[in-house]
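Both complexes shown next keep chain A, but they swap its partner, so chain B is in the first and chain C is in the second.
Our next item is the complex of A and B:
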């Protein structure tokens, strides 16, 4: 293999694919990126056996071929080469090493044969639809923060994507929960998504996808089956296994009868929560909200260091209520909201609270209180 | 409640619920329920058109009944409204789960048994107690029930208890190491109802603290239950 390409093209593609490669690998080939030169492009592929990212970039192919080299090493080298330079990648006659040459720099990397590189067989997909990247980004960003990181509850370690009929219209919904809070976002279901199975997209795939959909003008083609999903975003193809589990019946935890309405200025509320929680301990980050007509008092009490209170004007006219929440969860939700005001629908101190984004009716958050 | 005021703040978990696996593959069979499982497996070759499965709460009666219902394509009859179902039953087998949960609808049950016998069909009843303890006052029904084949499911042995605990965790999609299950089998009261309670509580506590179900957590939960801190305040 012998190819010459722009350093910036190579860096951009490597940046997309190298992140999939885990820093520590017991199987050496999984540390490597597969480089295949053919026609007028160089294709790069990386995998962790659950997730695979492929990207092709224009290149002058003087001699076609394929090999694998350590992904992070190659990325670090290319990153440090001077901007605007050309890079030549050339394998030895015996295929055991690859030379990276740019200007006066030259690196020799050990290769592993491309035949050892694992293929994530995608099988056939039952559904295909197109989304614009802004819509997909919304589905991800509004829910991602609520994904569970507790590994034994694997079925919560991702975003649940499914279709749901609302008032006769089909919606594509994303839901994530860690058992303490839940986030739900929805968009109009795109053509082709009708009848798709409900799927759980793993956390790592979600976070890679999020980095790939930054470009607002790109349409994303989504293909999926019961076990795999594939996103094609421009020249990048991301294929991932899905979580083999059943997402809980989340509808049952979304309260419908909460009748105490509290409307707050989002930014002042977030700032106040942040201020009073300074005093709270690492372990129990509870903040107590004492809500009465026109006012909320936030209080934190830490037996080891002291206490803090702050008063906040609010739009509230129901019976007074005291309810505790984890300050971090309140801040997480506040960070997702886009409107100037946040609407809380409360029932009592032991029941789930509903939080709406006043500027975006399609997003919804459920927060379980803390006993304080 | 005053004692709890001094406790550190506690995060309440969402009640996400869980499914229950009712397939034959998920049924745990041991010496205590193999007779009942065999009876369900050999349908329609039954000793009597009416069969009663009797056993304590959580002993797997509903699970066995669900397996049988799927196999026999049986109609589920509501124990409180037996009369309504008889006309539409035809020749299909019938199932009443938990027939002794409330007062037995004696007239309804009597007519149902007659209808089933008349159609050459079968009826499966599950109950916590033997038919003789249901307090039936209608003599004709009592004699019909006497003629029914009754199979008892006993209190669990270690093997069944371990199998059931593993199944209960699997229903909740929670991975638990076998040594944790063994620990629970040795420490809890030997009843399936206790096993269900301890699994429920462990699952909730683990979700509340966002941690895996370990032996240490199992030990804490079992001793808290032994000390009578039984119910959750939700």
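Our next item is the complex of A and C:
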């Protein structure tokens, strides 16, 4: 293999691809990126056996071929080369090493044979649809923070993507929960998604996808089956296994009878929560909300260091209520809301509370209160 | 005016206390460990009672770090409770498994050792009386002994049911006696009031105090002073150092190191290069340098329960039944201490003594038998591949206060119900006894799967 390409093209693609490679690997080949030169492009591929990212970039192929080299190493080298430079990648006759040459710099990297590189067999996909990147980004970002990291309930370690009919119209919904909070977002279901199975996209795939859809003008092609999903974003193809499990019936979790309505200015609420939670040394301490007519008092009490309170004007006219929430969870939700106001629907101090985004009726958050 | 006078009176009383040093004689003459009389001369027996048990040491009245260890603890208690056993070789241990847990000193003379298989022990000493252990009783006696230690100093650091470190520094004024005499008096008091014997070691650091207490068992009293420490250690084997077990000893032996004396000649850097952090410990301890303090509140790092089966078990069903009982035991302890654990640890020992431990971290700390059990079952399921197990244990680590334990969960509605059921079971057991209700997992099963014994205070 012998190819010449622009450093910036190589860097951009490697940047997308190398993140999939885990820093520590017990299987050596998984530390490597597969490089294949053919026609007028160089294709790069990396995998962790659950997730695979491939990207092709234009290159002058003088001699076709393929090899694998350590992904992080190659990325670090290319990153440090000077901007605007040309890079030549050339494998030895025997294929044991690859030379990276740019200007007066030259590096020799040890290779592993491309035939050892594992293939994530995608099989055939049952559904295919297109999403614009802004919509996909919304589905991810509004729910990603609520993904669980708990190993026992592995089926919560991802975003549940499925279709749901609302008022005769089919919607594509993303839901994530860790048992303490739940986030739900939805968009109009794109053509082709009808009848798709409900799938759980693993956390790592979600976070890679989120980084790849930064460009707002790109259309994302989504293909899926019961076990795999593939996103094609411009020149990048991301293929991932899905979490093999059943997502719980989240509808049951969303309270419907909460009758105490509280409306707050979102920004001043978030700032106030942030301020009073300064006093709680560890994460996971509760902020107590004492809600009475026209006013909310936020209080944090930390027996080790002191206490803090802050009063906030609020639109509230039901019976007074006291309820505690994890400060971090409140901030996470507040960060997702887009409108100037946030609407809380409460029942009592022990029941789940509903939070709506006033600017986006489709997004919805549920928070479990804490004992205070 | 009167206030000032009063203050002065108090001050003068305090002053009197301060100068009232403990009565001390020449430490080379020492004192008698049986009648506590200070000796005046170097005669080999006590001038007053004629006992040969004299405590003499140049540093006798300066040392204050003690290690106390009960002699053949379980056996001593059984002999106390049944005088007919007094002059018979006694082995505590058994069940069908038959491993010696403790052997009395008569049996030890015949070659019986703890952890020895019962058939071997009985080969060595066929006339031995074998009694199964009564842990509840031993725990009770252990607590009595500990309470007596705590009357001497607040700095008591228990190492196990029958041994502890005591720091007696600064207690001289309280007791009016130097630590050495206080220890000897304590040993006599334990014999008289509890009816078992102890051995004491006195030194300037934990490492040597522990070695000393082991030196002249039973009813021993040994002193290792600062001046002799290095010389004493030089001739001892490396296994005497804390942390040098079978495996590490083999490593050292491969490098030709057998005695502590060899370590004393080596450089710290060299030892650390060879053995890492352990090298540093070898360097310091071989020179009798040990600055660890006696810490009375060694926080528990985990709470667990385990059981060895009468016959090895491979079936998941049977193991699950035992696991349920053990989980309830762990949970009962957590609830009682107001703590919760976030990591569930399953422990298994196979028929050929291979240990398997499996961990699972939970989203939140738990104190519920149900969550510990459910997590344990999941871990257990992957291990039951037909392998026969001789031991099963379950526990939690990563401990914290229970105020954030088991928060209500949005999704898992069933666990909330099971938690409520568990609360109800606890309430019923509190009121009607532990056998009032139990789950189907343990109901009608054998000894291993019973709901937990009530906890003592």
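FYI, the second predicted complex is superposed on the first by the 369 of 372 C-alpha atoms of A that agree within 3 Å, B and C clash if a C-alpha of one lies under 4 Å from a C-alpha of the other, contacts with A are read in each partner's own complex, and residues count from 1 in each chain.
FYI, contacts are C-beta pairs under 8 Å (C-beta built on N, C-alpha and C of every residue); 3 or more make two chains touch, one makes a residue touch a chain.
Predicted, not measured: the structure shown is a model, and the values here were computed from it.
If you put the two complexes together on chain A, you find that chain B and chain C bump into each other.
Of the two partner chains placed around the shared chain by superposition, neither chain B nor chain C is touched by A:6. Touch counts on chain A: comparing chain C and chain B, the chain ahead is B. When the shared chain is aligned, no partner comes close enough to touch A:341: not chain B, not chain C.
Contact with both chain B and chain C is seen for A:352 once the two complexes are overlaid on the shared chain. Of the two partner chains placed by the overlay, chain B and chain C both lie in contact with A:178. Contacts of A:154 after superposition: chain B is touched, whereas chain C is not reached. When the two structures are aligned on the shared chain, A:248 is found in touch with chain B and with chain C. Within the three-chain overlay, chain B meets chain C in a clash at only one of the listed stretches 92-100, 128-136 or 200-208, and that stretch is 200-208. In the superposition on chain A, the residues of chain A touched by chain B in one structure and by chain C in the other are 148-153, 177-182, 248, 250, 252-253, 284, 350, 352, 366, 368, 370-371. Across the interface of their complex, chain C is touched by residues 148-153, 156, 177-182, 248, 250, 252-253, 284, 350, 352, 366, 368, 370-371 of chain A. Contact residues of chain C toward chain A in the complex are 360-363, 375, 378, 403-404, 407-413. Across the interface of their complex, chain A is touched by residues 4, 7-19, 173-176, 206-208, 210-213, 233-234 of chain B.
Chain A meets chain B in the complex at residues 148-155, 177-182, 245-246, 248-250, 252-253, 283-284, 286, 324, 326, 350, 352, 366, 368-372.
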